[in-house]
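Next come two complexes built around chain A: one with chain B, the other with chain C.
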Partner chain A sequence: MKVKDLSGNYGFEAITLPDGDREIDGVYIGDLLSWVMGRAKSGNAWITIMSNVNILAVASLADTSCIILAEDVTLEDDVIKTAIDKEINILKTSMDIYSAAVTLSSVI
Partner chain B sequence: MKELSLNILDITENSVKAGATLTEISLCENEDTMVLTITDNGSGMTEEILKGVADPFYTTRTTRKVGLGIPLLKLACEQTGGSLEISSKHIEKFPDNHGTKVSATFYKNHIDCVPLGDVVETVKTLIQGHPDTDFKFSHKTENGEVALDTRELRQMLEDVPLNTYEVIKWIEEYLREQYLEIQKA
Partner chain C sequence: MSDVLNFHFEVDGNDFKSAGHASFLMKKNLRQLGLPPETIRRVSIAMYEGEINMVIHARGGTADVNVYEDCIEIILKDTGPGIKNIEQAMQEGFSTATDNIRSLGFGAGMGLPNMKRYTDYMNIESEVGVGTTITMKVNLI
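And then the complex of A and B:
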């Protein structure tokens, strides 16, 4: 499934979608950024509750297909700007991390 | 970083890369806070570089476009309610007293404070990897102080390189003994 096809469906909504044609390949979950950095795989949708600008660097390094912010976590404007600038897809959901993962598991 | 000792390793490696001949790592604890200060006499940073250093997309590396050493340390201390300060004197402007000082304050009792981890291992790794530069380590707690200065070691050892197996082993035992002492106190 492409990231853009997830946006607006199943409870996920895009905050930024500069690279919507990116294919989602698996899911990674984690909030300790240095840990995620070495373990998330290229193409993974990464579910987290962290909202610091550093998540963009981690997503960029790990080459994830998108960041999914769970539990209605919001981003500051400058983080959104940087995400667009660095072409990083970000989606949000009101689901908790477990529900988001279960939902993804059935649709991707 | 899962443990602060890994952040320390990361930041100190930057000091060595900046050409520091002496890097001081200081941990100072009181009841509520722990202040980590890393001071080096390396080439320092220009004001422009200093401004961008907490931005993860700013890096002096040429191999990739993101640098996370300082941003992750900043995150680690800020998520405990603490803060990070960096000051630097660039070699071009300050030819005689250049260097960088990174200081991070942690609130130890905050639930998101990461553990310090094995700082002895960090110091050992640094000396092993860079036997020709000097490190001064000090960890002050309310129960006493753990300290090591490779300049003093070098004087005693004369020509024996610091990364000799026996020396590294001795450094580890020396530090661990001091930690045992302050734990007993």
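And then the complex of A and C:
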């Protein structure tokens, strides 16, 4: 499934979508940045509740397909701006991490 | 050794928000050079972990990346506090990060292990009170 096809569906909504054609290949869950950096795989959708600007570097360099902010976590405006500059897809959901993962597993 | 390209970056130790920028720019350079995605990813991860360590633990430093015909070499140099016990620092889970830093998601103690894991060669030279130089290489097959 492409990232853009998740946006607006199944409880996920895009905050930024500069690279919506990116294919989602599996899911990784985590909040410890260097743990995610070391373990996430290229193309994974990364579910987290971390919202500071450093998640953008991790997503970019670990080459995840998108960041999914669970539990209604919000981003500050400058983080959103930087995400667009760095071409990072970010989606949000009000689901908790478990439900988000279960939902993803049935649709991607 | 003939066809070497050099990239130099200053890593600002006070600017937490733009930490990782040198690695981000380097990733773009490597893409332009047309290197394989997996190679780019390995260099990006290793360089980022080293860059962020310089920001968090060493008040910044410099990053030099040399692209040779057969490998990519990353040299990270700082004049921070140095690493007292390198063997201990290399262990997964070891971290001296403060609570403040941990609240941002750092401090898992996985940075140095990641650098080792994603490169083909890694050497740490460090002296307490003087600084740290880390050299890493990723082979281009």
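The criterion applied here is as follows: the second predicted complex is superposed on the first by the 108 of 108 C-alpha atoms of A that agree within 3 Å, B and C clash if a C-alpha of one lies under 4 Å from a C-alpha of the other, contacts with A are read in each partner's own complex, and residues count from 1 in each chain.
Note that in this section a residue touches a chain if its C-beta (ideal position, glycine included) is under 8 Å from a C-beta of that chain, and two chains touch if they have at least 3 such contacts.
Keep in mind that this is a model prediction, so the values were computed, not measured.
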Mind checking chain B and chain C on superposed chain A, clash or fit? clash
Applying the document's definition of touch, where does A:A62 land relative to chain B and chain C: first, second, both, or neither? second
With both structures fitted on chain A, tell me whether chain B or chain C touches more of chain A's residues. C
Which superposed partner A:S34 touches (first chain B, second chain C, both, neither): both
Based on the superposed arrangement, let me know which partner A:S42 touches: chain B (first), chain C (second), both, or neither? second
One more residue to check, A:A101. First (chain B), second (chain C), both or neither? neither
With both complexes superposed on chain A, which partner does A:N52 reach: first (chain B), second (chain C), both or neither? both
Just chain B (first), just chain C (second), both, or neither: which does A:M1 touch? neither
Tell me which region of chain B runs into chain C after superposition, given the options 55-63, 91-99, 145-153 or 163-171. 55-63
Name the residues of chain A shared by its contacts with chain B and its contacts with chain C. 32-35, 37, 52-54, 56-58, 60-61, 86
Chain B touches which residues of chain A in the complex? 32-35, 37, 52-54, 56-58, 60-61, 82, 86
If you look only at chain A, which of its residues touch chain C in the complex? 31-35, 37-38, 42, 50, 52-58, 60-63, 78, 86
Can you tell me which positions in chain C touch chain A when the two form their complex? 16-17, 19-21, 23-24, 27, 37-38, 41, 44-45, 47-49, 52, 104-111, 113-114, 117-118
How about chain B: which of its residues touch chain A in the complex? 1-2, 6, 55-57, 64-66, 68, 71-72, 75
